[in-house]
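Below are two complexes that have chain A in common, paired first with chain B and then with chain C.
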Partner chain A sequence: MSVGPVEFDLARDLFPLAAGVLAALGCGLLGNFLVLRRLSLMGDAISHSVLPGLVIAFLVTSSRGSLAMFIGATVAGLATVVLVEAVKRLGRVESGAAMGVVFSVLFALGVLLIEVASARGVDLDADCVLHGQLETLVWFSAPDHLSDVALGDLLRAVPQEVTTLGIMVVVVLAFLGLFFKELRIAAFDPALSTTQGFHAGIMHYALMVLVAFATVASFEAVGSILVIAMLICPASTARLLTDRLRTQVWLSAAIAVLTASGGYIAAAAVPGIWGKEEVNAAGSMSVFAGLLLAIAVVFSSRHGVVVRRLRQRRLARAVVREDLLATLYRASESGRPGTAITTLSEGRAPRLVRAAMRVSERRGDVRVADGRVVLTDRGRRVAKALIRRHRLWEHYLVDEAGLPPDHVHGTAELLEHLETLPPEGPQVDPHGREIPGDG
Partner chain B sequence: MLGTLASAGGGVTVGEIVETLLLRTGFNTRMVIAGTTLLGIASGVVGAFAMLRKRSLMTDALSHATLPGIALAFLFAPVFGLASRSLAVLLIGATVTGVLGVLCVQAILRLTRLQEDAAIGIVLSVFFGAGVVALSYVQVNAPSGSAGLNAFIFGQAATMQARDVMLMAVLASGALIASIALFKEFTLVCFNDSFARVDGWPVSAIDLAMMAMVVLVTVAGLQAVGLILVVALLIVPPVAARFWTERLWLLVVLSALFGGASGYLGAAISALLPRMPAGAVIVLTAGVAFGVSMLFAPSRGVVAGALRRLRLRLRIASDHVLEAAHDAGADRIERVTMREIADLHGWSAWFAWVVRRWLIGARMATGTRDGIVLQERGRRRGRQVSRNHALWEQYLVSYADIAPSHVDWSVDLVEHVLSEELIRDLEKKLAQRGEALPSGSGVTA
Partner chain C sequence: MKRRTKASAAAGSGQSNLAELPEHSSDSPLSIHAMTVAYDKKPVLWDVDYDAPRNRLIAIVGPNGAGKSTLIKACLGLVSRASGEVEFWGENYREVRSRIGYVPQRESVDWDFPVSALDVVCMGRYRRIGWCRPVSKRHRQVSLECLERVGMRDYANRQISQLSGGQQQRVFLARALAQEAELYFMDEPFAGVDAATERAIVEVLRELKSRGKTVIVVHHDLQTVPEYFDDVILLNMRVVASGPVEDVFTRDNLHKTYGGRLTLLSEAAEAVARAASGRK
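== the complex of A and B ==
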């Protein structure tokens, strides 16, 4: 099999890819609730401070036996959560600073302990805690083709890291499935959640336990930095794409899977273009996560930069068009039959005015002849409704908001473009001009 | 754990420790210790402002974002005809991507609806991931001389050359001097940025200057402390100093002191015990300063707070006992009565014993074999409490519209916080209304 310029080699690629996808999926799902509750950096703190737990477990048991290390790391992760709470409450320290203190000191302890451990001739590498060791998950006796794989062989060959990650994903899915409603209420309204009978504090700790669990399960394979990326990036990306939590959770799962596989492929494929060796896969996945996020920031159909820019431009143009129609209407009120384009351009960009006139003419709102602009009947109706809104607003601002009559024009000039109508008023505005009737 | 530490430092004599601490060591070690001390002082000062401006974790994003810059500078330095192993070149690369990272955080905050924590986490992990990618690329494709780059992650003070230390010292002292020069501006922005803006100060420029100081200190500390732990130098000392004082100048001085001491002790210990990485030891030293501050600082410390609460609880409890005695008209409180009072208020036997000791210690009562006997002080306090109780009860009924049956429990809570001024005021008010006052002859203090 080949993906682009890269050969997919079962022996080399199957388990790293599986580990990456599983880690991304589990962390990505949990991340939704971290991002919503502004706890993103708790993931950062936990993934830094599991280091001493790992090393202590290692020093105590003198083996890389995973269960002990797993327990050590989980305990350290939970200790982080409790310590951060304690420093925040007892020390009245702001939460960012509290996390910073706890995780940096614990991480320093971990680094120191690693050196102490290696003094005893034990090899523990701090680097692999950061970068992960996806590349070591090789399936030595893999057949050449996927179709030749016997299920029994595959199951026997699955590395323990991948099994752990699989269990983690199942636990996370079960937790989200069972407690989705509770998590949602606790995320948006902790007080309501508590009054409805499930304590928001307990949900908080349950979530934190799971985050610690997911972090520990993931980072042996993919490294702590990728864990942070996966906890935060897919959920953030999904949050830019939708306003519904359920959709966001599904989207984040899809994005997480896409991130892991895309990042893995890119790690070999992109350097391959120039004939270079492959780069670190976990790092490449984080970069890929950032890339997807950047795309969402720019192109999201809901909150994207492009869409917002377009929306703003459309609004700005509509405002200019309406303002011009209103100007023409006012001119016709004082009996002049048409207005010169040059007059209309005063105080506005000529380019915008010309564009607005073109659109208005196409719509049949105005007629342009010999450099003079005249409202058509249709244009007059539109302008009349606008002027009516403007003068009603002026009346409202003077009568209800108590503004002096010479201060309300500017505000009314903005409000007239809104859909909402001010309450009905009298026949004349504060300046003594007639308020046109409805229709 | 102490055992492992002891075994790591087994061969060091007391003489060597003193020699190192007094800087009577080799030239290089002396330089490194002096350099990290200066770094600690500078980051203590800069970090204090960063903490007050709630930018503590922004520095975390910044320092992680330096990694790709280091690797890219190494990769591209030869293109510009520079030596790729030169520390200055690498640090320039680090500065560029670090600043880029901070700008990205701000762009995410401005362009999207994501919160600051998510923005920081995104930048931190994505930039660090890019750094890991770049490093792995360098190591595979341009392996010559790239071995030292990894050292920037965890720091390697011991292998620093005199020239590197000089660079670090220059950067750190630059940040230190600039922060002191801009002390007033930083203070203003930290405490009331909207006032500063209204008053015509260039707030964004001051913020930018503050961030520049943070960048300087971070970049200066990269080689000695490593990019993951350098944030600790900016975060931990000011948070520790915060426990001791409410005054800004003292906070900054203490923070500099904690930072400097951590840098000094950390580098010295690491010089003595070759196994101990300087960055980690420096941060742990700062961590100890933090732990001690949080527990034992006089007014904001945990122990002081617990003692304060305990004292208040004891005062309230002993008031209950004295009031009960006064209301019963007895001078002697039998052991049995004491137990009844304890049961009424839900005290443990231990707490009841402490209350008894407290009453005796405050010379309110003397202890006898089967109870306590009230002294004049205790009798007076009992009368006073009982009278306050009655005053409040009537106040609540007549002013706060609380049903008489609901009065008593709230009375128990408030009578202990009643100031004497308030009592006189109440007394007057009630007298004006012609309410009957319980006798308080000679008790008003």
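== the complex of A and C ==
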């Protein structure tokens, strides 16, 4: 393929794309509950430990028939779930460690078994489990144009991997649709869930069976790397974008579909920019999933790095502004109504002070004339309320918390900026200064 | 005399029905008989016998590690019992689930979970809603009213991580109210809450009592026991004493429960003195 727009070739692209999207959708949906229950690693564990299941199924049946493979992999997946629970309970380790132990041992067992098998002159490849074989899902007799496709031909041509994935997605959708409420309560509050008759342990196993099913259905086509990425990334990305579980589930589905199709296109298009051959589509999808997550981490409007930084900056500026008004108020209390800007800048970043002065002047809190700053009536009201909070907090800290009077200024300096108001108090603070009235 | 005969008949048939044992009655919302709970062979609760009186506010107090939370969890089947029986109104827990409400410890859940305060309260209705059915408008309405009763209606759509500890506790309380149970178990509802929440919880407790409910609360503040509760269970692996606060909440019993730890004891002595000098 050359540089330029990527052409959609029915024969080459339809089924790999469909398989990618379906696998991403099913895993992405289930991932929500894994991420919420801090069990993200479970997908990793299951998708690695299916290997010995595959090899044993092969050794027993001596065929690479898909049904035998499927059964072997499913049994291995479920065994992982049970083993993880057992290791957690008997070994008294946290679930991450239990999953790590189980899947590394099982995967290693699979590799050993492959060596035994290949000694008998058979070829089975561990790489295949990791990367999948999306590119082999070619529709050889495909017509040239999408409009020429007859439904009957299409249905006959659908590879068995894609059919399996389709069934998996339907089962996952039905499971989440029917048991959404039960999954939510079991994930949030297992104790309450169990006392209400929705046994949290049973819900956990049901979810794990589904994860095992989705993993096994997906990895043959897309490989376990993509399965792991899809179990974790879309749900984590969606979690950053919303605070409602239902919205999160829908978003994760959309993100999964976007990831799979975007990743597929990128696999063909991006290397073309450097005139390279196209890359592994499943790998490209996984990278794409990580990329979307990174974008969400940086730019999410709720939890994003950028928004948090902006919020912190706004808060810091508001605090400086309030402190300046308070300084001016204190100065006027001691009979010096105007204060030089240079005095205000002492001990503070000059840039912040100048910015604060600009905003305060624009708001009509202060007037600046001849390098001297004076509080307006409006500014005086704001400052008075602040000083009142400060001195009430000082009183509280001395009277209720038992701190010595010369230790409370710093703490009150922080507390005065909070929304939480100090309790009412006397008219004089611990240092003998007047606490201004309310309003 | 008659009950005695019944009891021996029950014992003879090998079938234990607590209501027929002389020391238990089917009127009691909660009867515990000879219950032992062990974690890894180390007993946490040992041979606990208790009958809860109806329509009372009951505190479970005892030192750390006395098995207070375990007592509740064992009654609700959340931890397994090594031996003993528990009955509610003379029946098995499974038969009466919907008549029993539970407020777990606040730390037992993940408050970053993507649900709103209202969503959490609605969870109290799930038993009534049943399997596979969505939360209907009617249940949502009831849940809103429960939030109102704990003064949290304005926060219904807040994500729960945006609430303060006290507000989270009140959401839990609203969820218990939404369960519309007759017997409530609450695990340390007063732990780490602000004064306003403490008042709100006490108000709810009194309201529940006035509606004829029974509430069993794991409590850690000895000073407020006489003020807030009618009955008390003094627990330290075994039930040291149980009954009405004025009879049981004595210096002597507290000494037995806390094993002579002085700071706690002086605190308790103060409470006892206050309780003795005319309560209510």
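Everything below uses one rule, namely that the second predicted complex is superposed on the first by the 433 of 439 C-alpha atoms of A that agree within 3 Å, B and C clash if a C-alpha of one lies under 4 Å from a C-alpha of the other, contacts with A are read in each partner's own complex, and residues count from 1 in each chain.
The rule we apply is simple: a residue touches a chain if its C-beta (ideal position, glycine included) is under 8 Å from a C-beta of that chain, and two chains touch if they have at least 3 such contacts.
Computed from a predicted model, the values in this text were never measured in an experiment.
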item	value
Touching partner for A:188 - first (chain B), second (chain C), both, neither	second
Partner chain in contact with A:248 - chain B first, chain C second, else both or neither	second
Which superposed partner A:239 touches (first chain B, second chain C, both, neither)	both
Partner chain in contact with A:305 - chain B first, chain C second, else both or neither	first
Chain B versus chain C as contact partner of A:105, first or second or both or neither	first
Partner chain(s) touched by A:297 [first = chain B, second = chain C, both, neither]	first
Touching partner for A:67 - first (chain B), second (chain C), both, neither	neither
Touch count on chain A, higher of chain B and chain C	B
Chain B/chain C common contact set on chain A	239
List of chain A residues in touch with chain C within their complex	36, 178-182, 184-185, 187-189, 191-198, 239, 242-245, 248
List of chain C residues in touch with chain A within their complex	73, 76-78, 97, 100, 102, 104, 108-110, 113-116, 119-120, 123-124, 126-127, 129, 131-135, 159, 161, 175
List of chain A residues in touch with chain B within their complex	35, 38-41, 43-44, 48, 56, 59, 87, 90-94, 96-101, 104-105, 107-109, 111-113, 115-116, 118-120, 126-127, 130-131, 223, 225-226, 228-229, 231-233, 236, 239-240, 267, 271, 276-280, 282-287, 289-290, 293, 297, 303, 305
Of all residues in chain B, those that touch chain A in their complex	1, 4-5, 7-8, 51, 54, 56-57, 60, 108, 111-115, 117-118, 120-122, 124-137, 140-141, 150, 153-154, 228-229, 231-232, 235-236, 238-239, 242-243, 275-277, 279-284, 286-287, 290, 294, 300, 302, 305
